[in-house]
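Common to both upcoming complexes is subunit A, partnered first by subunit B, then by subunit C.
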Partner chain A sequence: MSSLVPLMPLLVVGIGGFILMLVDAFSDEKAELATLSSTILFAAAAISGVLAASKTGIAAPPPGVAPFLATSAMAQFMNATICTGAGMSALLAGGYLREHALERGEFYVLLVLSAFGAMVLSASTDLLSLFIGLETMSLGVYCMVAFRRSSPRAAEGGMKYFLLGSFAAAIFLFGAALLYGATGHTDFDGIGKAIAEGTSSARFVLLGMVLVLIGLAFKVSAVPFHMWTPDAYEGAVTPATTFMSVVVKAAAFAVLIRMLIACFGGEALSNLVTGWPAIISALAAATMVIGNLAAATQANVKRMLAYSSIAHAGYIMVGLATLASQDPEVRATAVSAVMFYLAAYTVSNVLTFGSLIALGTYAKEAVSYEDLAGAGRRHPLIALPFVIGVLSLMGFPPTAGFLGKWYVFSAALAADDSLLWLVILGVLSSVIGAYYYLRVVVYLFMKAPEPGAPIAVPLRSGYVVLALVLSGYFVLKMGITPAHYIDIALAAATKLG
Partner chain B sequence: MQIELGHFLALSATIFGIGAIGFLVRRNVLVQLMSIELMLNSVNLTFVAFNRYAPQNHLGQLFAFFVIAVAAAEAAVGLAIVLSFFRLRKTVHSDRADTLKN
Partner chain C sequence: MSQHLLSLLCGLPLLSAFVVLFAPRQMVGFIRGFTVLSMLGTFFLSLGLLDGHYATAAFQFPERHVLVPTYGITYSVGVDGISLWLVLLTTFMTPLATYASWTNVSTKVKEYAISFLLLESAMLGAFVALDLFLFYVFWELMLVPMVLIIGIWGGVQRIYAAVKFFLFTMVGSVLMLVAILYLVAQYKAQTGHYSFELAELKLLLLPVHVQVWLFAAFALAFAIKVPMFPLHTWLPDAHVQAPTGGSVILAAVLLKLGTYGFLRFAMPLFPSGSHRLGSSIALLAVIGIIYGAYCAWRQEDVKKLVAYSSVSHLGFVMLGIYSVSQHGISGAILQMVNHGISTGALFLLVGVIYERRHTRELGEFGGLAKVMPAYATIFVIVTMSSVGLPATNGFVGEFMILAGAFMSEHLGKNGPIFAFFAATGVILAAVYMLHAVLRMFWGPLTNPENEGLSDLTRREGLVLAPLVLLIFYIGLYPNGLLRDMNASVEAFSREYTAKLIAGDRNPDRRDMLEKAWVPSDGLGAGGAQLEQPAREVQLARAGVVARTLEGGTP
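And then the complex of A and B:
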């Protein structure tokens, strides 16, 4: 029995995007597009959350869809993460854009349709749907970065992101073409089978795999493919930065998981020394160390958070390296750890960026550490979510971020002794992370603003408050009672397809 | 002389290389955009060539059509962003994109 139910999250977001466009075109200027777009995204998140947690299993999608998109519990879990992150970014946009006199409807349309692209990307089981999802997501995000048309910094950030993003897409495509040529298939299972049977040309497969991984490494901003990240994050309006840091990353990692297992999961390619685990481990090590070191030297909080998101990509890649194990149980643990990490990282990052938005008003946006000086003593209610957010990003118990790191690192330790060095490096580099995250807290509570410096006035917006309350709730809930989420993730991790 | 798969692949690899080097070496954003188009077209050539020598399905040709369509959308967005940069900075040189620095 096939049914449309497993596709509901995608349909809600896709059709919702077009409705949003019509509402923007035909209604008066007072239309509450932030309410509408976040309602669409949260509805999709709720549907996919219910599907991911359902005990009875998920019905098969219509026959034409199955070869291209997964509707498994894992795909639904990632849909829920992506839609929650996107919905919270839409709420933040509702407060931020109005305050900074940028309220134009196209931002919400771009946001919802990019989220649709991200869902297709994260659920794809074929190189073709992967490519289309990737581009649908990226084209929207390029426009969101360059959204503040009067700002040279936004145009510059958008341009750099666009150029490197398209370059990466071209590299990915060349890799996809080589994989197709070597195996005669574009679907992940077909490629994996052809590689396992040895009917493919090993040189083409290896080159194609490396190029595809490089293309996706650009999207998750792994070092050394991270050059665009700080500039795009800093130039973009802050809700767009939030969207990029949570949604784009979650979608790209979801498809990497599926690809590494279905396409390249065979023994030959997932060899620890000669296969992709060597590449992923090297990228993870470089990303963790360089991301944390660079974040520690930033004077701008938004740039610091950009490098912190690079560092988090490194921790997640430790989880990807664990997928090299041939033991299905170890693999499932690692997949569920990465899924939990992505969900925890999504809510923590929304909380941190949301607090940064809440601390700035028109022409007085909080961007540097100096802007935060003393704000915690003047406005403790806004500093509180900021502190919870940075503590969660730092990995301090009892927050979601702590458990995310714990699950990923313990999965790596349980899998293979040869990953021990990576885990030690990860723990050591998160110590550097503590320095720059705690610096935020120090500035909030222990510094006074320079005499004559502009003093941050908090933003008054119900949207931002709602986003902070929601993300703060999930940060603490996933940190204190994680069993529910990790059980769902673990059950989903056994059904990737 | 018989034209084989190898010839097609050599040609498309050469075009891809020219595009990649052009993207990395040139500093004019419009030329960089054109270099990306070269890379995408070499991908199309690769797909179609592989499909010609393994015609049990038409996935390669199908993929090439999608690449063409997406490349057009990408060019539209890219030129719009370059235009907005040009309006503010009166230049299309990526060396002048230097306001965002640590």
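And then the complex of A and C:
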């Protein structure tokens, strides 16, 4: 019995994107687009959230869709995360773009269509749909990065991201071609079966796998494929930065999970020494250490958050490395840990970026630590969410970020001792993280602005307030009473689809 | 009400913090009064804990709710003879420290009140938590308010001190987190389900080399907090920069969480690991005693002197704990309370003179006894308590610790040597404290700036009086405190020794016990009997071990 219900989130976002375009063309009031786009995205998030949590199971999608897109509980969970992150970014854009005189309707259209691409990417079960999703998502994001046309930094960031992103896409495609050549399949299950049967050329499979992983590692900005991240994050308008750091990352990790299990999850390739676990572990280690070290030296808060998002990719990759285990229970734990982490990271990051947006006004955007000096005293209601946001990113209880870290590291240790070194490296590098996140708190509450320096005036926008309240609520909710979310993630993790 | 007493204790400050949060900033008087009153309320509430039955080692006022069923995370709290007095110390010192702060904290009063209330909540939570996850949450939660207190209301170098304090503690605690996760993973591997509850995890028997590493991770976190030599370098900075109220709480309560952590978690969970490293820890404790005393002696800044004296005193506590004898541990717990009272009082006294003179340099003072007689009297009494003069509380604690270390079976032939060197610490304490008293209060009044100083105000007297009373009360009648500790301490050392024999010293015997172990036996080890959760068979081992030791047949 097939039905369109499991495709509802995708349909809502996709059709919503086109409606937005029409509304944009025929209306003058641009800020309505923020309301409209966030409503569309939150509606999709709610639908997929309900689907993910449903106990009765999810109906099969129409026959033409099934081989390409997963509609499982896991896919719905990721849809919910992606749409929540995108919806909150749209809210932030509603406040930010108007304040900075950048209000143009195409931003929301790009945002919603990129979110659509991200949903396709995260749900794909075939190399072809993966590539289509990847490109749909990326093209929108390239434009969003370069949205502030007058700024050379935005142009630089957008250009860099576009060139490196295209390069990564090419590498990915090359890998996909090799995999197809070696196995004769483009769907993940088919590739997985062919590899397990041993009928394919191991050399091509290995090379294809590495190239495909590299292509996706670009998108999650894993070291050493992270060079574009700080520039793109810094140059982009802050809502676009938020979108990139949460939505793109969540989508790419979701598809990585599915690929690593379905395509390369067999004994041969998930061997700890010779298979992908070694690659992923090495990437995770480098990403955590270099991301945190580089973040600690930044003077610009946006760049710091860019490097910190690299560091977070590293923690998440510890969860990916855990997928090497052949024990289904450990795998399910690891998958749910990564899913939970992505959800927690999404809301924490929105909260942090939202507070940063809230502290800047036209021509006086808060970007450096000095801009934050003394703001905690003058505007405690903005400083408070900022502090909660950075504490969550730091992994401090009782916030969502702490639960996320706890879950990922706990899953890694539950597998076996082989990941112990990675976990220790992870927590130690998170101490470096504590240093630079704490600096935000130090500047907010313990420093006074330099005499004569311009004093940040907070932005007044209902959109930003709404985004802060929503994300703050989830950061604390997932941190204090996480049982519900953990159980949904765990149940979803057993049905990857 | 009594079954929710502990939750009420942790919840009341938190609730008050919310009230203060929504109070208008201008109502400074209300905020100040309300904060202290709610803390006093917490104190009187906590006196209800004295009604528990501490003649048994079982946890009193237990409460248990499952938070995350899938991963066995529970909200389980309880108090026994080990934590009882530390909880009371917390609820007692916090209102005093806050009340004393209101003379010198005049900016951002609201934030200060909120920080203190949150801090109290977290400290109480950490003392009563019986679930490792819960404990970790409270343990970390203490950090933020304290960092804010140091960093916002502190001295010139406050930011450096706050960040250093934060990072030091963080390094220790994240490694402890890994150890907790590893331990729980081992539990899962052995029993098939997750649990973060101390009572459950305590029953695991892990291989010695694993225990050593896990213990080391826990010990690092706790040793930083204590702080033990050579991890103490954050302490002088934090103490000197913190405002008076912050220093008092830091010294009186926060440091105790380190030593308490050893007693409650690190040692019962990993006895064999603890035993392997025990002598080294005792050695570091003794080095800390002497080194702290020497550093204190060389200080010109009174506050720094008191800070280093903490390093020395906490060395005694650690030595007492590692003697693993009834005397030593009881003495250590008593000394934790004593140190809280006397060092808390010393920081308050230093705060008093600093408010008047805005300096803490010993060289600036001299002959103060002539202008501030009441101040001088109380300072000398507190000094005597800190030095350990008989009839004051410090004497009882230090004596018991030294006796415990001297006769300790666990320290073996090193015991008397450690006790000998620790005893020199008592003499050194007299040297540095009396040296300071001499330079501050006696001699001619040379500095003209000291001439017009006013004596203690009524407010200051009100804060110090209960501390002085306690100094004598505990000094003359220590049994009032020791009585309630005995059962828990005895259970602690018995269980520790039993698990040690089973797990470490005699591997052959361990195999024998394992073979003889009966699955249906639901007997747990020693105390820690919360409403018995379904006990997995594997875990009964330690219980069998304990009984074997007492002479029964397994």
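One rule holds for everything that comes next: the second predicted complex is superposed on the first by the 494 of 497 C-alpha atoms of A that agree within 3 Å, B and C clash if a C-alpha of one lies under 4 Å from a C-alpha of the other, contacts with A are read in each partner's own complex, and residues count from 1 in each chain.
One rule holds for everything that comes next: a residue touches a chain if its C-beta (ideal position, glycine included) is under 8 Å from a C-beta of that chain, and two chains touch if they have at least 3 such contacts.
None of these values were measured; they are calculated from a predicted model.
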| item | value |
| --- | --- |
| Subunit B versus subunit C as contact partner of A:Leu490, first or second or both or neither | second |
| Per-residue contact with subunit A, leading partner among subunit C and subunit B | B |
| Touching partner for A:Val442 - first (subunit B), second (subunit C), both, neither | second |
| Touched partner set for A:Ile455, first subunit B, second subunit C, both or neither | neither |
| First, second, both or neither for A:Leu381, with subunit B first and subunit C second | neither |
| First, second, both or neither for A:Leu22, with subunit B first and subunit C second | neither |
| Subunit B versus subunit C as contact partner of A:Ala101, first or second or both or neither | neither |
| Which of subunit B and subunit C A:Met227 touches, first, second, both or neither | neither |
| Contacts of A:Thr186 with subunit B and subunit C, given as first, second, both or neither | first |
| Common interface residues of subunit A - those touching subunit B in one complex and subunit C in the other | none |
| Complex contacts: residues of subunit C adjacent to subunit A | 67-71, 108, 111, 133, 136-137, 140-141, 143-144, 147-148, 151-152, 158-159, 162-163, 166-167, 170-171, 174-175, 177-178, 181-182, 184-185, 188 |
| In the complex, subunit A residues that touch subunit B | 127-128, 131-132, 135, 139, 142-143, 146, 149-153, 155-160, 162-163, 166-167, 169-171, 173-174, 176-178, 180-181, 184-186, 230-231, 234-235, 297-300, 303 |
| Subunit B residues touching subunit A - in the complex, by the definition given at the top | 9, 16, 19-20, 23, 29, 32-33, 36, 39-40, 42-43, 46-47, 49-50, 54, 56-57, 59-60, 62-63, 66-67, 70, 73-74, 77-78, 80-82, 84-85, 88-89, 94, 97-100, 102 |
| Sites on subunit A touched by subunit C in the complex | 377, 380, 391, 396-398, 402, 406, 409-410, 413-414, 420, 423-424, 427-428, 430-431, 434-435, 438, 441-442, 445-447, 481-483, 486-487, 490 |
